[in-house]
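What follows is a set of structures for review.
Each of the next two complexes has subunit A plus one other chain: subunit B in the first, subunit C in the second.
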Partner chain A sequence: MNYRGPFRIRADRDKPVPQIEHPYDAIVRVTRSLICGSDLHLYHGMVPDTRVGMTFGHEFTGVVEEVGSGVQKLKVGDRVLVPFNIACGTCPFCKQELYGNCHESNPEATAVGGFFGYAHIAGGYDGGQAEYVRVPFADVSPTVIPEGMDIEDAVLLTDVVPTGYQAAEMGGIRKGDTVVVFGAGPVGIMAARCAWLFGAGRVIVIDHLDYRLEFVKNYAYCEAYNFKEMDDPVVFLKKQTDWFGADVCIDAVGCDASGSALQTITGKKLLLQAGSATALHWAVNSVKKGGIVSVIGVYGPPFNMVPMGSIMNKGITLRTNQASVKRLLPKLIDHVMSGRLNPKGIITHRLPLEEISDAYHIFSAKRDNCIKPLLIPPRANLA
Partner chain B sequence: MANTSKTFTPPSSKRSENQEPTENFTNVGTPGRIFSLLGGTALAYYGWKKKDSSLGKSLTTAGAYLLLRGVSGFCPVNKALQIDTAHADFEGFEVTSSVTILKPRNEVYQFWRQLENLPKFMEYLKSVKQIDDKRSHWVAKVPKNIISKETLSTVAWDAKIEQEEENNRIVWRSEPNSEVENSGEVRFTDAPANRGTVVQATISYHPPFGVAGELAAKLLNPAFKELVKQDLRRFKRLLEAGEIPTIIGQPSGRKDENY
Partner chain C sequence: METKNKKEPDQISGIDRKIAEMPKDHIPGWGIDADPENDPTYPMKIWNGADYQRINYEKPPQQRVKMEVLHSIERPGITRVFGTSTPPKGLSGSIRRWAYKYSEATTAHWMGLILADRVNSVEGIIDDLKHGTIPNFFEERGWSAEWKYNRAGFIKNALTGLLVTSAVIVLCTKKNRK
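The block that comes next holds the complex of A and B.
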């Protein structure tokens, strides 16, 4: 794919195939690739330094076609799932298993590590909504797909499953806790589902798209409510929790939230802040005193308006990060293989890579009951 | 001196191709070069501040080019200028930068002491060859012209290690009459709490030709400092991660451009 500017994405057959540039690189032929809510932030032009000519895509599986001279674990022909974080594996942050915050893979930044197919603030590496990808540090994160695992489950392990799981994990959920998840996109759906694994007693999901609320109720066995039908979601949640507030709130929306005119105008129209922080406000205001707010939805530079007074005076713990995919993979592969998690159930659309611009449109406009679109490149099924 | 100056014959020079610069070439009546020098410096500096944009890159390149044109044009009289009294009390410029590398001190030291390794992380160095234990031959890259970023002419000099203490310190200096007069010191110390090695590099260079050079160097100093800092950052990444991760070389969907 080729990014041409906000809301303009096209399939590009002329972009050259990437080459090995470093000894630890591998070239991977993509077999499946997903579009993510994070890609929508790029698509909507919300992320600084998103450059025309880039290829997005950070959720992909593939077959190793070529390896650099330094690669030892991966072999040509291996079927791999490639975590969205690019991690060197040796810096102090990688050593702490903060693979999303690698100090080396993103040359210019001091916050986030390198990602595939994201803006140049995340390193500018071309991503997996393509036929071939150059994968740096090929021995560190890419993982051979276990025998017997469905490729559609595997591709969801590159981001959505670990991200949803980490959202629940960061919530520090204790047995019997009431957990509120804002956002019924793929990440929120997975977070709601994973909340049970940590012992939640009640899981509530908030969104404004009825088809997604319907979906999440069935998929994650939870309650789901439409915020458009409430006067004030915070008051609604307080009522639901006997005026205590939820034990844990998860923001699985990020900087593209709707629901507050003030936030939308300052964040998305006037660009006085980095997108709108509506869901984050709701999360902070509806969590109990001393509760935990887990922010998995993405916010970017430069800053957002945050109700610090409430965070301070309620004694809230804020926990947030990019998911550390490699850290969570062993556990999650086990959950998938044992059937406790069924990731591919959230894929609603399967399209050829050539139809990528339609895929973005459908996913962004929430058309056709879309939850998660999957792209299949023309060369995906070569032997 | 004479043979290297060929590489640097400025295009605007009125000298004919095969005529070597002569001793009677002085800095009187060379406003073109001073202009190149100052203009180049300003451009390079401005470009450096905007170095992430392609415009910035071209400006830096252009600026560096003009600057070197200015410098090289004066090179033949370098010697003469060194006896210039106005110049005699001027010490030159010095930048210091440091970085902490998560590797044992002897490993960091050995990597640096193998001078052939330096171009792996020093962006503008093309090659370094050790001539013998103490002496080495350095070749640095010079941008060729503004539009095609292609390589580049080069500038070369010989340097000598003047002092070294294993795992502690290396001091070097360019040989007398070098086209690029410079010297440097790099120190290696243990970082506290087993956090690796602190590498501190101090690099001095002596701008030729008196006041104009001094002014140019002053303007360019922040850019130079940034360069040294970036080189050290690259050194850290090379040692810690085994490579300097970049997207350089990555094709772009934008015509005629990379990454």
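The block that comes next holds the complex of A and C.
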């Protein structure tokens, strides 16, 4: 794929196959690739330093085609799932399993580690919505897909499942807690599903798209409400929680949130702040005093209008980070292989990579009840 | 091409650790209430003290720099690996170079990059035309999917666009005649 500017994407057959640039690199032929909700922030032109000509995509599986001279674990022919974090494995952050905060993979920003296909603020790497990808530090994060695992489950383990799981984990959920998830996109759905793994007593999801609310209700066994049918979602949630507030609130929306004209105009139209922080605003106001707000929704780097006074006065613990995929993979592979989690159940659209412009539009405009689109490159099924 | 402010991480002074590791015997009660269980980063961060050995951590080999790589001024140089997609060029590249003179804490940095992105999308169209490619906006914007799944909305938006454009043209023509 070839990004041409906000809302413009092209299937490009002339892009050269990537080369080994470093002894620890591998070249991977992509077999499946997903479009992430955070790719839509790039597509909408909201993420600084998104350059024309880039290839997006940080959720992909593939087959190792070539390895650099220093790669020892991965072999040509290995079928791998590639976590979205590019991690060196030896910096102080990677050593402490903060693989999303690697210090050696992103020269352009210190605020975030390197990711595939996510603008130059994440290192300027071309991503996996392509036929071939250069994968740095190939021995660190890429993981051989376990025997018997469905490739569609594997590709969702590169981001969506660990991100949703970490959202719940960061909530510090105790058995019996009421957990509110803002956003019924793929990550919100997965966060709601994973909240039960930590012993939540009640899980409530808030969104404004009925088809997504219907989906999450069935997929994640939770309650689901449309904020457009409420006068004020915060008051609704206070009433729902005996006027105390939820024990844990999860912002699984990030900078593209709807629901507040002020946030939308200043964040999404005028770009005076890093997108619209409506979900975070509601999360802070809906959580109980001394509660925990887990932020997994993606925000741009400059700044956002958030109710800092309430965070302080209510004694809220704010927990947030990019998912550390490699840290969570062993546990999540077990959950998938044992049938406790069914990631591929959220894939609603399967399209050839050549139809990527349509795929982005369908996902962005929420057409055809889209939850998660999967892209299949033309060479995906080569032996 | 090498980047400005190039300085290998090995040249970091280590002053922070030196100060932190100085004896604190002169401070009454130093460390008396330290509680290792009080760790709000658990379980995200597996605490093993690596933060305190950060100066001389084992670094991977350096990727060869064969193109211009901008880097944040909040670090001493480039990282051991970096992406090789789309090096800065043209007017947008100049704006990006300017923006990277400011730290990630400044509006100049981020707004400069957003401005560069907008300029870059115009450059992309010019570049396409130079290479004999006429951008297919209908296809690039996924409007065939819109036609398939939201035909009524598509027609409504197209007609609205047509109406607004016609109105603007008529207004401009009238003004010119006066």
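The rule we apply is simple: the second predicted complex is superposed on the first by the 383 of 383 C-alpha atoms of A that agree within 3 Å, B and C clash if a C-alpha of one lies under 4 Å from a C-alpha of the other, contacts with A are read in each partner's own complex, and residues count from 1 in each chain.
Everything that follows uses one rule, which is that contacts are C-beta pairs under 8 Å (C-beta built on N, C-alpha and C of every residue); 3 or more make two chains touch, one makes a residue touch a chain.
Note that the coordinates shown come from a computational prediction; the quantities given were computed from them, not determined experimentally.
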First, second, both or neither for A:217, with subunit B first and subunit C second: neither
First, second, both or neither for A:70, with subunit B first and subunit C second: both
Which superposed partner A:91 touches (first subunit B, second subunit C, both, neither): both
Touching partner for A:16 - first (subunit B), second (subunit C), both, neither: first
Which superposed partner A:111 touches (first subunit B, second subunit C, both, neither): second
Partner chain(s) touched by A:123 [first = subunit B, second = subunit C, both, neither]: both
First (subunit B), second (subunit C), both or neither touched by A:169: second
More subunit A residues in contact [subunit B versus subunit C]: C
Subunit B/subunit C common contact set on subunit A: 21-24, 51-55, 70, 86, 88, 90-92, 104-105, 107-108, 114, 123-126, 134, 136-137
Subunit A residues within the subunit B interface of the complex: 2-3, 12, 15-19, 21-24, 51-55, 70, 86, 88-92, 104-105, 107-108, 114, 123-126, 134, 136-137
Residues of subunit A that touch subunit C when the two form their complex: 4-10, 21-25, 45, 48-55, 70, 86, 88, 90-93, 95-98, 103-111, 114, 120-121, 123-126, 134, 136-137, 166, 169-170, 271, 300-302, 317, 319, 321, 324, 327, 357-362, 364-365, 367-368
Subunit C - residues contacting subunit A, complex: 3, 40, 43-48, 50-51, 53-54, 57-61, 63-64, 69-72, 74-75, 77-86, 88, 92, 96, 100, 104, 107, 110-111, 113-114, 116-118, 120-125, 127-128, 135-137, 139-146, 149-150
Subunit A-touching residues of subunit B, taken from the complex the two chains share: 52, 102, 237, 240-254, 257, 259
